[in-house]
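Chain naming follows the written order as A, B, C, D and E, and within any one chain the residues start at number 1.
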Amino acid sequence: MSTALLIEQLLNGLQLGVMLFLMAAGLTLIFGVMGLINLAHGSLYMIGAFACAVVASATGSFWLGLIASLAAAAAAGAIMEVVVIRRLYDRDHLDQVLATFALILIFSEGSRWIFGSFPLYLDIPPLLQGAVSLPGGGQYQLYRLAIIAVGIAVALGLYLLISRTRLGMRIRAGESDREMIAALGIDIQTLYTIVFALGAALAGLAGALVGALQSVQVGMGEPVLILAFVVIVIGGIGSIKGALIGAVLVGLIDTMGRFLLPKTLALILPAAQAGMVGGALASMLIYIVMALILAFRPRGLFAA
Amino acid sequence: MTLLSIKGLETFYGASQALFGVDLDVEEGEVVALMGRNGMGKTTTINSIFGLVRARSGAISFASKQVTSLRPHKIARLGLGLVPEGRRCFSNLTVLENLLAAARGNEWTVQKVGELFPRLNERRDQFANTLSGGEQQMLAIGRALMTNPSLLVLDEATEGLAPVIRQDIWAAIRKLKAAGQSILVVDKTLAELLPVADRCFVLEKGTTVFAGTPEQLTPALQDRYLGV
Amino acid sequence: MVEPILEIRELRKSFGALKATDGVSLDLRPGEIHALIGPNGAGKSTLIHQISGSIRQDSGTIRFLGEDMAGLGMPERARRGLGRSFQISSLAPEFSALRNVMLAVQARQGSSLRFFRPVMADKSLTEPAMAMLERVGLAKRANLPAAELSHGERRQLEIAIALALGSKAFLFDEPMAGMGPEGSKALTGFLDGLRHEAPILLVEHDMDAVFALADRISVLVYGRIIASGTVDDIRNDPEVRRAYLGEAA
Amino acid sequence: MIARETIINLVLAVILLAVPLIAIAVGEPFYVTLSTRVAILALAAVGLNIALGLGGLVSFGHAAFFGIGGYAAGILATHAFNAEPMLFGFEGTTSMPWIWLIALTVCGLVALPIGAISLRTSGVYFIMITLAFAQMIYYFAISWPAYGGEDGLSLSVRNSFPLINTAKPLPFFLICYALLLLAMGLFALIRGSRFGAALQTARQNDTRLAAVGIAPFNIRLIAFIISAMVTGLAGALFADLNRFASPSMLSWHMSGELIVLIILGGKGRLFGPLAGAMLYVLFEYTLGGITERWQFFLGLILLGVVLFARGGLLGLLAGKARHG
Amino acid sequence: EPVKIGVITTLSGGGAGLGIDMRDAFTLAMKQSGNKDIELVIEDDAQKPEIAVQLAEKMIQSDKVDLLTGIIWSNLAMAVVPNTVAQDIIYLSPNAGPSALAGANCNANYFNVAYQNDNFHEAMGQYANKDYKKTFILAPNYPAGKDALTGFKRFYKGELAGEVYTQVGQTDYAAEIAQIRDSGADSVFFFLPGGMGISFMKQYAQSGVKTPVMGPGFSFDQDVLGAIGDAALGVKNSATWSKDLDNDANKKFVEAFKTEYKRLPSIYAAQSWDTANLILAALSKASVKDKDAFKAALKAADFKSVRGKFVFNNNNHPIQNVYVREVVKEDGVLTNKIVATAFEDHKDAYADKCKM
């Protein structure tokens, strides 16, 4: 195994992690701040990807598509909050699970209604196409580097917003006692709509960015939703820092597991079998890690 | 000028009625005491003013504005500051953040609150859920003051405080009163409450049964309504 | 001298740089009410938490009925007879007042691993529970969910639960808080009688009650006991007056 | 006076029994199958309801037990059918009572460590860690080739029960129905018992429970295990109903569906799971017949239920739950 | 009394595109036949085995269908087919062909009109021998994935640069692509159906790795080519059908499909069209009520297949040609054209074990 390969895999892990972070950031914001379990977060991700694909193919510009994805996801989030979510804050988690589960069905079938059942086309913008050379002789896809950069910028921005601004304080205050913050004269309702739209926009951004790497299709949000939940739980719910570190951890573990487990097993098993068993173990790996972390730190790594 | 006026207030929790006709008013610059035994409806009255529970019937007006149909934050913005029963500090915020989150207007500042309660200054960066009971109580008062209310509403604001601190808080209340702050206060300790109050109201089973000056609340009446 | 029931030696607990209890030693003897007073944030509740087992001390020992409590969790200590009330009421909100007390009776009787017999038909649970509610004056509200009780009533319910546990010592954290003058008076009388069933470690800011009840008073300031003695000793201690009592007394 | 809820419960139980009987009489055996599906899903949800409704333990991983029950039936029957010995030379079995016993035991044994680890956490963390365990088992089942992997495991014939012809829809339905009633009886007893009192207190306020001397952890762990076992039993029946066990029984959608059934019917209520299962299967079946977009409308209906019928179907029909 | 045909296919969820093509071609064939005595019962399995099983039961017990067909996915077929044929109902597969149903467990009531799962991969293995010596192979870790790599290896004589099993539903292939880059392979063979293939191809094209890829037609068919985009251009892939296959039945089919649905048909549509026409042909010879006669009529396969020559083997799986196609652009639309024939009259590897 060459060092170039190792470096590339580490970058891959980092990039996967950062992508998960974009998804997890919105989720942890909504989840941690509003105490709301939003299973439909994956739908917002899908909406972002669809909006980007549709606008990009209509205008020929990925960047316009990106703006559209932010706008569409934020709008969908705001509408969702006003019509449904708002009534669920003081309910227990169960009602939230059911309602947002229902929203998944509505969004998924709704998009199929509008866009049909075939995957849409969305490609990387010309500016970011191709690969760059890495020290050590390897190569790395430029677009993935760009995703890493965007993710880190978002992490920083969010962290400052939540921990340093008055808006952030009020949002967190609402998390601990909504009634009280309203009794202090703060329009928590509108504030929550804004936060929700912000979280949604981040999911939409993730969807659009990742959509260019994958197939843009109905249901694309579901697998990443579960991973995003894993991330925020490992990191500690409500913590932006936790989400970032959790995401990178999951990204690295998943990538390295997929890469190294079959190789390691190949030392003792025939190649085909090592591939299967290793693959099976690799897919269980992040869940095993999550269970271990929670067993020792029941509130995640960076409990708020 | 009449700041707050409540007439014939009736409030329900689900199907069970808690208030059966409360009448109460606060003039500007006045300290009014709201009294009554446990469970008679004091907190419910206050929550109704703030829109935290909805009045079923009756009228509540503040600064000559009808508030019964407004949303809680709109009501508070008319100039009402609440120190709720049970403190309800924002547990995941630090002392400083609790104060900043509430800040509105510019007369009261973090610094001024710190002067009123030096203890809070010491614990500025500690999370509210780890404060002692008394510290939380101070924080709740400070937080309400940060909204620069024209009427400060204190629900059991001295509960669980050490005697020296109670004295401090009563002193603070007197200071606020002297500065012209209007205050509606619920408290169990008559010995401390009556001297600062300009007028008192007594609730029994959700209705106003007494309204008058502290002097008019004779020991006999105190025994009858409050069991003293 | 009689053997103390509860013996605390050199208890320490820090939160970061803050020493919440800083070498506290005190004991509780049969039949007495030992009042623990001190400014807000002095560490009184933290001490109660350590004794009852919900917070582990950093060092020091707690012996109850001659047994070291180290390594025992809150449930084990409660089963050995340490009953407590909470500074902020802690109840099962959906259960009626009666069922809240029944739970304590059930716990006192032992096993909760009985899956079949309906509790509401079990007189060995309902009757003692009702009796406790009578004692604290909540019998009329027995069937109301705890969430619908007023603040003061919840405090009374806390006491009823502690009683129903049949504890061999009580740790009461501000039982008077939130009670009206009438309620405080009644509770004072009540605790006065209770001390003969089991001794009480009483944390309280209501000085009328403390002075009326306490056999001994310890004063905790910044995690240290600065004075300990009879009511009169404490009243007249200038340091205590400065740190805690002010003009009261 | 009989409470309104009791009457509604009775009506639900009678409907579920009447539908298959009538269906057989008019020669529409498929409705027997559909009713059996309702009974089995309700049974699984009754199991979950012990943890979730009484104990407040929102397990998002009960599909694990449902699936393990299903695979227990599938694996035992496969070995018996092919006469291949498994562990300790045991030849497998096609007898339902044996399969149930083994499914119950295995689920209990698996629930013990999962519960012991998961119960160290609470709230949302509990939801997620139970999901994590279920996902582990799911991925294991998908990629472990011995019993079909992702393709699942077909049973060639339905397993047998002494004196009853299980291959016929009606007798098999009656078995499931009887087990459902039995499980609901167990639920009712537990709810009213001392254990139930402790368990429900653990949900409302575990500090209180600890303060009276009862360790919440033990109470919850036992509830979790009982709950897993009942759901596992349902899984074994489900495999028999479909003559098929597959990883999708273990998927998080299945866990979600069980939760949905409970909320739809009314959380913590004796008949909540049954009401929920009836409603859900009815929606799924009728909507599916009307439009290809049925999931869209199912979504709308579920949303309507959460927003406007708090307390689920039973909450709507019988009012707020009482806790005595 | 009309003939009732039950169609269970995937019309919702992530894999719906395949089922919709299947259904559309099937209904179109039925419509064009003008046969008024056929009633279709079409239902959505949402790609869930339990639902498929339930639908099969409903169609058999309640709708009393004479024939069942429609399933796209092997795991759903494994759930439905054994029970269906055990109840003496005929099942015709328009797509999935798991190996478990082709060998010892073959059944006289089960006809696979599409392929045995290994076939496309076998063809690619055979074809790869021509140009490549060291291939990197990958597939999802599930039975059809294992069948795929087994099929490839059965005919491929070169060396393997690596053999990787990915997770089902995986969307990010960066780690695998890095391994490919590092492996020194001269070619890549992958089987990743649905969205997985789209993701892989897009990421592969951007990775800077230039090693040529090839795969079974599933990942390069009409339903996904649009989404992959130009990254797919020039890729060789194997299939038993292509839109440019030169026979009358095929021309008619492609025209009809394009006219009716304004899009190009996929493999699934083609196989489903053949299934419908096989049924129609058998119906014209025998009544469905006479099971044995009808099965014999099916087995005769006396219909005009869009794949040209079409014969059933002893195990009721097709003996047919497998082609190698290349992705090209025609009028701005990506599509395939045949460049070679990998196998003539190819049989699957399990037929020997079938005692029919």
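Annotations
Everything that follows uses one rule, which is that a residue touches a chain if its C-beta (ideal position, glycine included) is under 8 Å from a C-beta of that chain, and two chains touch if they have at least 3 such contacts.
In this text, all values refer to a predicted model and were calculated from it rather than measured experimentally.
Graph distance from chain A to chain C, where chains that touch are one step apart, equals 2.
With centres defined as mean CA coordinates, chain E is found 36 Å away from chain D. We define each chain's centre as the mean of its Cα atoms; on that basis chain A and chain E are separated by 34 Å. Between chain A and chain B, the centres computed from C-alpha atoms are 44 Å apart.
Taking the mean of the C-alpha atoms as each chain's centre, chain B and chain E sit 74 Å apart.
Contact of a single residue of chain D with at least two other chains is seen at positions 139, 142-143, 145, 293, 295. Looking at chain A, residues 108-109, 112, 276, 279-280, 283 sit in touch with two or more other chains.
Listed for chain B are no residues, as none touches two or more other chains.
Chain pairs recorded as touching, per the definition above, are A-B, A-D, A-E, B-C, C-D, D-E. Residues of chain E touching chain D in their complex: 11-12, 43-44, 46, 48-50, 53-54, 57-58, 61-62, 74-75, 78-79, 82-83, 86, 98, 100, 141-144, 146, 165, 167-168. Those residues of chain A that touch chain B in the shared complex are 166, 169-170, 172-173, 175-177, 179-189, 304.
On chain B, the positions that touch chain A within their shared complex are 50, 52, 71-73, 76-77, 80-82, 84, 88, 90-93, 97-98, 100-104, 143-144, 147.
Put simply, chain E touches chain A in their complex at residues 11-14, 16-17, 20, 141, 146, 149, 160, 163-167, 169, 171-172, 174-176, 178-179, 181-182, 194-196, 198-199, 202-203, 206-209, 223-224, 226-229, 231.
Within the complex formed with chain E, the residues of chain D that make contact are 28-31, 33-34, 37, 139, 142-143, 145, 148-152, 154, 156, 169, 238, 242-244, 246, 248-249, 253, 288-289, 292-295.
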